[in-house]
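Common to both upcoming complexes is chain A, partnered first by chain B, then by chain C.
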Partner chain A sequence: MRTQLPLAICFTMGVLMLGQYFVPHAASQDLFRRTQEWLQAIGVFALVLGLGSLIHLHWERIRRQSANWRYSVVVLSGLVVMAGVGLVQGNLQPARKLTPTSTRQHEDGTYTFKDTTITLRSPTLAGRTLLRGDQVHIVLADGSTAAGKIGAKVADGDDGDDGDGRLTAQVVRWKGGTPPDAGTGFAVVRPGADLFSWLFKYVQTPLDATMFSLLAFFIASAAFRAFRARNLEATLMLVAACAVILGLTPPFVHAWNTLAPAMPGFPTALKDWILDVPNMASRRAIVLGIGLGAIAQSFRIILGLERTYLGGAD
Partner chain B sequence: MCALALLTLICAAAHGLTAPTDVRAYDVPNDDAGKGLDIEWAYEAPTGETSPTGFHILRASVDEGQFVVITAEPLDADVTAYRDAMAAPMQRQGTALREEATTYLYRVRAVYDEAGDATADSAQSNAATARGNLYHTRKTWMLLWIVAFAAVIVHLTRRARAGHVPKIRRIAGLEAVDEAIGRATEMGRPILYVAGIGEVSQVATIASINIYSHVARRSGDYGTRLTTPCHDPIMMQIMRSVSEQAYLDIGRPDAYNADDVFFVTQSQFAFAAAVDGIMVREKPAAIFLQGVFYAESLILAETGNSVGAIQIAGTDKDAQLPFFIAACDYTLIGEELFAASAYLSGEGHLLSTIRAQDIAKATLMACLVVGAILQMAGIDLIARFFEVAL
Partner chain C sequence: MWRFLETVDRRWVFLLVAAAVIVPTLLPFSVPMPISNSTQSAYDAVEALGEGEFVILSLGYGPSSLAELQPQAQAVLRHCFRRGLRVFMMSLWPDAQPLGTGALLEVVESDEFLDPATGRSRLQDGVDFVDVGYRVSPNTVILRMATDIAGFFETDVRGEPLAPLAVMQGIRGFDQVGLVIDLAAGDSVDWWILYGNGRFGVDVAAGVTGVIVSQLFPYLNSGQLRGVIGGGVGAAEYEALVGAPGDGMKRVSTLSVVHGLVILLVVLGNVIFVRQRRSRGEAS
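On to the complex of A and B.
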């Protein structure tokens, strides 16, 4: 039972989702959307378990003062501070500076403008953006503030939903104050967003950028090892890599064009040929294999041939 | 209403202006009704007469019957088709479902001067309604392909169960799995398994879970510690379950330690930093990087290389493969990752799916060759058959 029930669910949902891909009807799209939402809901429950694991692991390290336990203090401190600030302030939305392009005054004295600076996959991504009905403070051009709402009482068709579930704009509505001139800009601030935004912008983002920037050095060290001409294949790769690098280097291309006017643009043409012909051919072969492998794997799972991922016994 | 249209036609004819003809409106095929309606018409100016400067589209709902111009600017004079996206029914709030669609009629107005005084309207089109379609006709080849592929898999699986087990080539990266675990055991250092930063719904992540099961069994057999940091809490639960089962299967439930499979973070580079830290501090002798990887692939692989671990990587992200090939000892390239569970288990019915994969690949290659030859001969039959419509 422990295996049979998940297998039955897997088979049913697998066939259903496979069929869904071939049915463009709105009901089919809605089914797909709902399954994605279920996945998100499951993810929330699993996150609680994940957090439990994280806290337990690091708390035990601190309690036992095992090796490198000080790192665990940093992890738990970061968790407590970020979660605490987010919970106390009640939002995860950074303040956003906006430039209204089409502020409109309505008969009831309210103003609206369309914010097209965002593209969101779904309005259900709570905590990632301002959502319909959210209360905001609008700091106007003259420094005064007005209380407003996102997308409140906005007629259908004016909410920026382009029909495929992707929001391309949100309408901000407020009453009172002096509307700013087009192009001057004003801030839309959800109350109490500042500390969390600050932590995100000035702590997490630079740390992420630091890790990402390590990539440049790692590429150099990996390339140094990979490009050593130990055998024929490695030598071919070294030659191809040099040709591509030189073809992408403007001073070399310029020097070539000056010294060999009979063959202008040769390094660029060679680089393009390497990337577009042998490189693209091998890449497509890999992608083809990946696609077929993924389909075969999916069939193994849907048909119940592959069961390891279930973990449990029969 | 009809009298007014008739009057317009008579006026246009009196001025020698030709109206568009054969106006047809129909539902945009293969959509959820969200693309609206397509309108097509014909226009042929009699020889020697003035040509129009453009066309306007007029629309009326069948219920109201009042035609209004829906094009802000005239369409170019050489255009004979228009898509009216506004005829699509509204989407219901918070769902992908749509309201009931309105049925519309159309006219096409030929405009003969910039002021818009000299015009000639066509007769009205047929009534058309935007509807959601039940089958995407331009995905037929995919459906046929999947059905054929499934049939081959089922057939070969049956054959394998009857004793005809296919042989598959040796995959160096998978042969090295036991060697890597053995090396870690000899050195008395742990094994690090990273299942990438993909979600469990991704096929490569599931392939990684299957490999993990094998690694967990072997490490349990040898009594070597297996550390598994997870990027996704759902993955953590699954990996724990798979690991626990693996230790149970080999009769060593006592060797299972839930704390060795732990959640780190869902932030991409924070995860990379944490795993790098584990590599540097614990100095694992064997590192498995299997699953979905993005920019962090080389950061992890180079750090693993720097601590002297034997590294076996595998991913379905072709952009990351060169990094793994450069920095790791063995790399499962794309399809090898998916073949891993079948290869490692050695079970005939699983190996048969790899044979099915090879048959599909050979068929596709034949299609590519024949299609390329036909294309050079000016026949685009196969190219059109495989045209992708999403």
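On to the complex of A and C.
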């Protein structure tokens, strides 16, 4: 049963989806739409599995203090911090546009806004009410922030309790940042909510970019030490690679056009030809091969001939 | 000298690369940009659209490919807004959304689109463009939005319902879409070709990182892709075509010097290789 049931589901869905592609009837389209919804729901389980696997692997490394276990601490810390900040603080969506009717600056540096309504949206605010005196941090369109204070009791935007996560508030007073003009768009976040953006911009982005940039160093080193014309095939590849690189080097093309005006744009044309003809022909062969292989494999899975996805026991 | 080159520590190569990156970044130079056929095709695909047509800008990249794809995003957005096209921005990678929003804001709030009378951008969120943010599973997203874009996304990143927005008027599915431009560091172009173009017939152009570009030529040749902007050089080419030099063109000097260095290292490495082979032949 443990084998037969998944095989039956796989066969039924495989045949259904294969036939569905050729049937433009509304019922067929509805089946397709529903299946896509299921797919997205099932996809979430992959996240759970991946997360569980990651935590288990690194937790075990830390527990056993195996080689380089300190890196695992960094991994788990990064996971907890980013996910934590994102979940707790970062899910307030940008607010609707503000339309203040009048603005007045006070001596203490605060601003008074009359009849200024903002809308906060957040799943975490669903069913809750902001009260007079509650603090909100507001990110203005110019990137500056302002600390705002709710001036009156606010309730859910619709009927006060429908739990859609939308709250309408009257902000009457805040300090810091540039006061927005009428019609200026701005976002409202809870105190510290912009920490997630800060982490993304100043931690994840440079780290990610740095990792990718390191490739340039290794490519250059490999070009010097390993890219050798050992035989005809390697020589052809080397010449083609150099021609493409040079064709992508504007100063070289410019120099060529100046020194050989009889053949203007030759490096670019050669590069385009290499990509358009030999490269395309080889890529097309590979893609066709992959496509045919995928069709064959799909049929094997649908017909139950390929069962390794069940765990490989059968 | 030769002995030093034959046994050179690779850290010297790293040092050379660092210098080749840092010096032209600090002292950039400009040269005329030759335009690749593939970039020209992408530009022509946008140019062929009429005012008010609907363009989907799909983002499938993250910070690792920021240097190549962010200038592409800005150049494409600028081109679309100049042509009076409606832009629908969506993200197929979770970390693409903040990058896309950044590119969008930079273009929308640039001097070019500033209304001198009000001091604000002429381009309005919900009217000229809309950003719907990230949705999970690229192939599913493409398939589900194909016949009902507003119905699938429901709201934009501000939380505004999508259907009533001016930018969405007259738009139901891919039948009303003029062009999809996918900026990708991964396989999202494949999904757009397979499902967007293959199944629903929407025109697709792509902007990709340098390592992907050669894989897309079969689709360009077959007409499944209307154009391909390739890597940092492609970004610079597109900026040149649009006539709006930006980060892409700024980085061309750095790219050029590094390209030159790589060629030099390949040549030098092979000269050493030939010398070693000859000396081994003489010895035997």
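Keep in mind that, in the parts below, the second predicted complex is superposed on the first by the 177 of 314 C-alpha atoms of A that agree within 3 Å, B and C clash if a C-alpha of one lies under 4 Å from a C-alpha of the other, contacts with A are read in each partner's own complex, and residues count from 1 in each chain.
The rule we apply is simple: a residue touches a chain if its C-beta (ideal position, glycine included) is under 8 Å from a C-beta of that chain, and two chains touch if they have at least 3 such contacts.
Because the structure is predicted, anything quoted here is derived from the model rather than measured.
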**OP:** Could you say whether A:N279 touches chain B, chain C, both of them, or neither, answering first, second, both or neither?
**Re:** second
**OP:** Kindly classify A:I245 by the partners it touches after superposition: chain B alone (first), chain C alone (second), both, or neither?
**Re:** second
**OP:** Would you check which partner chain A:G14 touches, where first means chain B only, second means chain C only, and both and neither mean what they say?
**Re:** neither
**OP:** Classify the contacts of A:P6 with the two partner chains as first (chain B alone), second (chain C alone), both, or neither.
**Re:** neither
Original post:
Touching A:A296, do we find chain B (first), chain C (second), both, or neither?
Top reply: first
Original post:
After lining up the shared chain so the two structures overlap, which partner does A:A223 touch, if you call chain B first and chain C second: first, second, both or neither?
Top reply: both
Original post:
In the superposed arrangement, which partner chain does A:E60 touch: chain B (first), chain C (second), both, or neither?
Top reply: first
**OP:** Please indicate which partner A:G43 is in contact with in the superposed arrangement: first for chain B, second for chain C, both, or neither.
**Re:** both
Original post:
Does chain B (first) or chain C (second) touch A:F200, or do both, or does neither?
Top reply: second
Original post:
Where on chain A do the contacts with chain B and the contacts with chain C coincide?
Top reply: 29, 32-33, 39, 43, 204, 207-208, 211-212, 219, 221, 223, 225-226, 283, 287
Original post:
What does chain A use to touch chain B in their complex?
Top reply: 18, 21-30, 32-33, 39, 42-43, 46-51, 53-54, 56-57, 60, 67-68, 71, 123, 156-157, 161, 163-165, 204, 207-208, 211-212, 214-215, 218-219, 221-223, 225-226, 283, 286-290, 292-301, 303, 305-306, 308-313
Original post:
In the complex formed with chain A, which residues of chain B make contact?
Top reply: 30-34, 88, 90-91, 94-98, 132-136, 139, 142-143, 146, 149-150, 153-154, 157, 199, 201, 203-204, 206-207, 209-210, 213, 230, 232-234, 236-238, 241-242, 244-245, 248-249, 259, 262-264, 267-270, 272-273, 277, 281, 295-296, 298-299, 301-302, 305, 316, 318, 321, 323, 325-327, 333-339, 341-342, 345, 349-350, 353-354, 356-357, 360-361, 364
Original post:
Tell me, which parts of chain C touch chain A in their complex?
Top reply: 10, 13-14, 16-18, 21, 29, 31-38, 62-67, 95, 98, 120, 125, 136-137, 140, 143-144, 147, 157-160, 213-215, 217-218, 220-221, 231, 233, 236, 252, 255-256, 258-263, 265-266, 268-270, 273
Original post:
For chain A, which residues count as touching chain C in their complex?
Top reply: 29, 32-33, 36-37, 39-40, 43-44, 93-96, 119, 121, 166, 183, 185, 197, 200-201, 204-209, 211-213, 216-217, 219-221, 223-230, 238, 241-242, 245-246, 248-254, 265, 267-268, 271-272, 275-276, 279-280, 283-284, 287
